[in-house]
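Letters A, B, C, D, E and F mark the chains in the order given here, with residues in each chain numbered from 1 onward.
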Amino acid sequence: MQKSRLQTGMLRWLWTVLSSGMLAIPFAASPVGAQLLDFPKERLADYSEANPFDRLADGRPKVPENLIRQARELSAEEIWAVLEEKGYQNQYADGFRILHPDQPMVGRAFTVQFMPMRPDVDQVAQAKAKERGLGPLHNQTAIDMLQPGDVTVVDLFGTTVGGTIGGNNLCYYGMTATRSGGLVVDGSIRDLDGISEIAMPAYFKDVDPTPIGNVMLTGINVPVRIGGATVMPGDLVVGDREGVYFIPPQLVKEVLDRADEIRVHDEWTKKKFAEGKYKSSEIYGSPKDPKLKEEYQAYLKRRLEEIRKRRSTGQDK
Amino acid sequence: MQKSRLQTGMLRWLWTVLSSGMLAIPFAASPVGAQLLDFPKERLADYSEANPFDRLADGRPKVPENLIRQARELSAEEIWAVLEEKGYQNQYADGFRILHPDQPMVGRAFTVQFMPMRPDVDQVAQAKAKERGLGPLHNQTAIDMLQPGDVTVVDLFGTTVGGTIGGNNLCYYGMTATRSGGLVVDGSIRDLDGISEIAMPAYFKDVDPTPIGNVMLTGINVPVRIGGATVMPGDLVVGDREGVYFIPPQLVKEVLDRADEIRVHDEWTKKKFAEGKYKSSEIYGSPKDPKLKEEYQAYLKRRLEEIRKRRSTGQDK
Amino acid sequence: MQKSRLQTGMLRWLWTVLSSGMLAIPFAASPVGAQLLDFPKERLADYSEANPFDRLADGRPKVPENLIRQARELSAEEIWAVLEEKGYQNQYADGFRILHPDQPMVGRAFTVQFMPMRPDVDQVAQAKAKERGLGPLHNQTAIDMLQPGDVTVVDLFGTTVGGTIGGNNLCYYGMTATRSGGLVVDGSIRDLDGISEIAMPAYFKDVDPTPIGNVMLTGINVPVRIGGATVMPGDLVVGDREGVYFIPPQLVKEVLDRADEIRVHDEWTKKKFAEGKYKSSEIYGSPKDPKLKEEYQAYLKRRLEEIRKRRSTGQDK
Amino acid sequence: MQKSRLQTGMLRWLWTVLSSGMLAIPFAASPVGAQLLDFPKERLADYSEANPFDRLADGRPKVPENLIRQARELSAEEIWAVLEEKGYQNQYADGFRILHPDQPMVGRAFTVQFMPMRPDVDQVAQAKAKERGLGPLHNQTAIDMLQPGDVTVVDLFGTTVGGTIGGNNLCYYGMTATRSGGLVVDGSIRDLDGISEIAMPAYFKDVDPTPIGNVMLTGINVPVRIGGATVMPGDLVVGDREGVYFIPPQLVKEVLDRADEIRVHDEWTKKKFAEGKYKSSEIYGSPKDPKLKEEYQAYLKRRLEEIRKRRSTGQDK
Amino acid sequence: MQKSRLQTGMLRWLWTVLSSGMLAIPFAASPVGAQLLDFPKERLADYSEANPFDRLADGRPKVPENLIRQARELSAEEIWAVLEEKGYQNQYADGFRILHPDQPMVGRAFTVQFMPMRPDVDQVAQAKAKERGLGPLHNQTAIDMLQPGDVTVVDLFGTTVGGTIGGNNLCYYGMTATRSGGLVVDGSIRDLDGISEIAMPAYFKDVDPTPIGNVMLTGINVPVRIGGATVMPGDLVVGDREGVYFIPPQLVKEVLDRADEIRVHDEWTKKKFAEGKYKSSEIYGSPKDPKLKEEYQAYLKRRLEEIRKRRSTGQDK
Amino acid sequence: MQKSRLQTGMLRWLWTVLSSGMLAIPFAASPVGAQLLDFPKERLADYSEANPFDRLADGRPKVPENLIRQARELSAEEIWAVLEEKGYQNQYADGFRILHPDQPMVGRAFTVQFMPMRPDVDQVAQAKAKERGLGPLHNQTAIDMLQPGDVTVVDLFGTTVGGTIGGNNLCYYGMTATRSGGLVVDGSIRDLDGISEIAMPAYFKDVDPTPIGNVMLTGINVPVRIGGATVMPGDLVVGDREGVYFIPPQLVKEVLDRADEIRVHDEWTKKKFAEGKYKSSEIYGSPKDPKLKEEYQAYLKRRLEEIRKRRSTGQDK
């Protein structure tokens, strides 16, 4: 639009700056606990006991920065390979409109749950919040708790009218607080025109001009359901132009390693196809001819070494 | 079908016997707490503090038997009048297939929540259950806790394949345990042919031959969302051929009283219309002519007295 | 439901009494003209100039009583034959929930149009209505103008919430005013439980507990669109368990005559099939064997004579 | 409707007569082969080599009469048990409107395939048909080949307008020719009012007043896809109020035997539940207490013996 | 596509030229009145009496050029703020495919209504048109009446096949006649490839290769319904990448003023967020800290002055 | 995404190289015949007897290279003109997601059919394949048979999960084997991120991370149905940003000639509109003024000559 917009250049600049973590917003240290559903740190620890990494102050598993960076190259298909094998068939959600389809989304799940407004329940929750010196419980209560590297994962049960987690102001705030982490809403956003300028990946079901309404905040960092997936706080969220994966922390390393192999495999397979000498079934899934198989194995070994070396020496983007 | 079925006569007999509460199944006294989401008795008490009635052993508000009986005459439209006025716009769900559209469903909400299966979370829950001497956590864990007067309200997030809370055996058990209370599933049932013989109201989204699968039990008597409604354990559930209302206990009395007025109002209005002397707007919503208004007020007063007298002397069905 | 309902016996009685036209409600003689869209008598006369019958006081073509009675035997398939041949491909609508699928609906279209509420327009319309000494413009304005033999055809643009033309009181009024004519709503009704007792055919898209709201009455007896059909005031409306036809008055006689032939044809065809001596293609659409063809022609002639004689002597139901 | 209909009594009579096979229509012995897709007897024999029964003259497996009779008691859930176990996950289709939900449908699949009309292809097919002395290729070509015990399974690729396999005449013919076998259409029927009187089970996606059109007959007794199921000519088709199963002939006996066990299991389980002494998980799926297990095993053995004896002595209905 | 297309450069040139109003097509001065629905100038004046601006020759309110220019910066969210407050909840429609999502659409509503073809009605209308010396009534009848600054708003009731208001020729004509005003169709367009080169905003539900057919033109500049919105001729139509607003003329000024405030508010809010010192709830909706509030008020005052000054001196784009 | 991708430059290079046919992959000469449905060369020849061109070795009509090149300029609307006139109303399919909307797709239909997996049938087919020395029957069996200029047309009956014809490796192979011919799937693809880099047009219903599964290959170069279209092997497939046409070979020349006329017509019409002197109905469909008509005829003649000359001298792109 011919609007007084942030320059495209600024958009790019923001993307870069935010990713490199130069801003410093103070973040809310203590969980509120006033909302209807409670999932205390201990309970989260119990149910995510397989987590191999440190934890954030709020108890969520903390997938390390370098793995998050490496995960920016993942695609849905690469993740599927490991998750399916391990029996995790439900960690994928799709059917989203995607704000920036050319930008990957990677970060730690910060979950937020809303339910349809019910005055008796909401009154109790608001009273509890007040008791604890908190302001009114609403979408900003959760948004104010976001941390760098978070992807906000919001259950607004697919609502369009009134199911809008935020518009350009709150998305801008989310962008600064999470360092462009990302947003996944089973619900809507408002002000698509304004949000298009925000340098943060966003996945949403719909768009509507109404602000959020007729719902109540019922959970922060509780387990939530997004489409057919169960999301735990701290899961590694990865979005590409296809959909969104929620990867349990204990599987992150294996997914990344396997992805390296898949990418080398695809590289070699295409090289062979480009030679124009083989039928697809002679080469793919794996080469039929023992010699070719050997050639492939050698290629795989060499390329993996290169990739890992480059990565360890930080030459990797 | 020309099958070896329970006699239709037996079906009627069951309906009668069960409603009058002659059976006595022992019921599980202690909540399990092993499932992912926990909503302890104290928390339920906090969030349902407006409840004017006693509570069941598991902490749920106990809408009294006589009000449940009286509520069998309610229709969706009558309930709407009070709930809308009080600001409860979201306590209604529809879009169900209804097993016995001619039979009302009334009872206390016993809520059950499932989420998509996720092996790491389920393993922890099963281990916790075992620790506490419980069998495997699954649909029967919840079904075994049902009590007379309960309506089982199940969140299976609208799933068809694998989203079947039960077939004819478990529904039969539910019928005996709840004394034909009822079943509301945002999901499916299996074995429609078999279930058609069960003398218990049931509302479900779909039917499928597969048994329940690829889901995990995550909550018993926790707050659940059914369509656009937030359901609290102990809500009065009322279903007619239109849909299902979840009435907060503190509003039950007022709903029932208002319904009496509405029914007398409709009775009088139709009488007037049947005389063929008036336009609809002269009589409905309320009579324009002051004399008619007076006539109506007198009629209302007399009829309400009759109704309440009959009710209090137990002549009421 | 086990409610204090009108007796089923009374329901049947009403159906009979109303069909035989014993009640006499005074009806509004003058069209209002205050609503947004106006379609005066002269304009209606112009655009329905092919009408071969008298007209009602409000200008609508008046398909005669005896043809309406005869039309109660029509099915959608029989009507299709003539309408398709004459180039009327769009006079059919389906996708309705049907209140009494076993009862046919036949009557003269009384059309009502609503549009989404828009305060500036509605204010002008209400002021105009007041000027003319009319009460507030709303659904009852139209309902009060209904006449015996009318089928109310309502464009509520497929709305569910707030798109409810009426509940059990207004439907009861409609039943008495139209002598059980009927109701077709591209929208909803409320109070399905209450309406199930009303002895009037009704076709609606959905059911909801909310009363009509967020819409404004914009036309009475104006041309309306119902699904893919253009309906003119005075069209003969015929509903069976399949859907609803809106027959232009000038085609009614031909449709009825053709239907007699179709029914005799079906009668003979089935007789032949029941003999078990022929393949379907030897008999249907028309007999291949010249002798059989002759036999059929004779049968058709005889049966049509019988049918028409019986009809003319009033032995016909 | 108040129409001059076949008496309900006659409907019942037909149902009985037709099931007992007293009529004798000559049937087309030779397959046509003119239609686009050809699936000759030898090919059918190859691809159904596991069939343990005789074959019909047209090459289809002939599931015997007594098993068809026995299969009238099957429900979708009972069939699922064996098919799932054997790796047949796709033999079920649902989403149909069901003409007589209280009547089971059982018979041998007679498949018919249509594709969207394409003049160049249809011309060739019609010319080939003429060459072979056949009349025009259309729906009646297939219908004329129906035999007692057949269920016509029609792929009209879900079409409504023009996707109507037939109306009351052809359905009546189908009823007489198949002895009330049945009809499954992934498409529509026309004349629902007329068809309601036909004593033959029918499953269809929709209803429309238009006759079949804009399609061409492309296959008779070729493999077809109905929803997510692959149907082979001669499969045992079983429909209940839930949906339709297409059972490969080689699995029929096992399905029937297992169903007996399931029914005894359900009988015993419900008896136990009715005693009111057990939790559901103590009894169902199988009794936990070894003594109860033993009791059950004895009960199962005795009841199966009774059932099979009754069946073999023909006392079975 | 690699087609012989208008140069992209030419596309841009057209956009510029057309917006600056250099072309001069003569336009039809007199409304036709032959179509089924009539809404004469006087009636339009009555129902849009709140219009504060001049009127066009055809009676439509004429929102002035400078406000139209200013409105090119509006987004759906900004419009919502005023409309919701004034009780206009229904002036928004979405669910469109958008031809040029990066170009705003702003103009005066020129409404066109079609209904399903019905030969008797169409014959009368065509005869009336002929009588008045008009050519055949069809889509071009309306298109020929378009004026600079118009957005054509077409009710084709969501039809795809045959519901195509035009292809690349008529859209090109519309572009020249309206000076790139715009097009909103509750229906379809044809020739998406060709239309992609047209420098005019367009919102449509679907695309189909068929030309318009099986419909009749029933109204020009009559009130129409687009989705859930009532559109009056002369409404200000504003489309962004989210959807389309139809703004009553009397609210245009207030919407534009409020939008200025909202944009300054967003500007300031984001500045503060970018500082990284505040939680979202400290700043947004309005600053909690009185000092910040004061700072904001001063900023707002200053920026509004700047904006309005720039606008009045014509420095505004 | 910030991934190690093929360079965009390489993508463009590939597109060019592949279109110019420099690679040479050996292709499978013999049809397999093991799959369930067989459509031998002779049968194809019979049913495509109107084909005016040579045939490929596999029996498919071979629309010549120069016509394929010329067809790259076709749009859906231009094709519609001839097909509709000739009575081919069903040769169009839409509702696809389009990989490269700015690139046209043109080629010869290579059809592939899958049906839901059914173990008994699949076992026979696999055994037959083995007998003939073929590897396992699956998607690669068909993909290995692709030839330059082919568009793969796949019936996966609209399946998403498991209905993925391939990911980036097989699409890359398809690109090299068909020289960027194209892909139409009534089903899904996987790995959208990876496939976005493939220089081959692709039309698919959905995207999913799962590999192909729970289906069996049932036909190669058999007639298939894609949406409402019947596709014959060898049809000319043309896709634009609107949808896909399947043109019978005998109509290709006429479609191309007519398209030239349509394009000249549009060119002239727009020129006239750009002059700003005419109403749309004066010029379009054809000029009303005899002088203008003459002018147009002369223009058409001249331009067609130019176009055809340029084409014959190969100056045409």
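Following the convention adopted for this analysis, contacts are C-beta pairs under 8 Å (C-beta built on N, C-alpha and C of every residue); 3 or more make two chains touch, one makes a residue touch a chain.
As the structure is a computational prediction, the values presented were derived from the model and not from experiment.
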Going only through chains that touch each other, what is the minimum step count from subunit B to subunit C?
1
Minimum number of chain-to-chain contact steps, subunit A to subunit E
1
As a test of understanding: of all chains, whose mean C-alpha position lies farthest from that of subunit C?
A
Look at both sides of the subunit E and subunit F contact and report whether the same residue positions are involved, with over half shared, or different ones.
different
Roughly how far is subunit A from subunit C, centre to centre by C-alpha average, rounded to an integer in Å?
55
Just give me the whole-number Å value for how far the CA centre of subunit A lies from that of subunit B.
38
State, to the nearest whole Å, the distance from the C-alpha centre of subunit A to the C-alpha centre of subunit D.
48
List, in ascending order, every residue of subunit D touching at least 2 other chains.
none
Inter-chain touches occur between A-B, A-E, A-F, B-C, B-D, C-D, C-E, D-F, E-F
For the complex, give me every residue of subunit B touching subunit D.
1-4, 23-26, 28, 135, 140-141, 143-144, 167-170, 172-173, 176-177, 190-194, 196, 207-210
Interface residues, subunit A side, partner subunit B - complex:
36-39, 43, 46-50, 86-91, 115-121, 124-125, 128, 157, 214, 216, 218, 222-223, 225, 228-230, 232, 248, 250
Residue ranges of subunit D in contact with subunit B within the complex
72-73, 75-77, 79-80, 84, 92, 94, 102-104, 240-243, 263, 266, 269-270, 273-274, 276-281, 284, 317
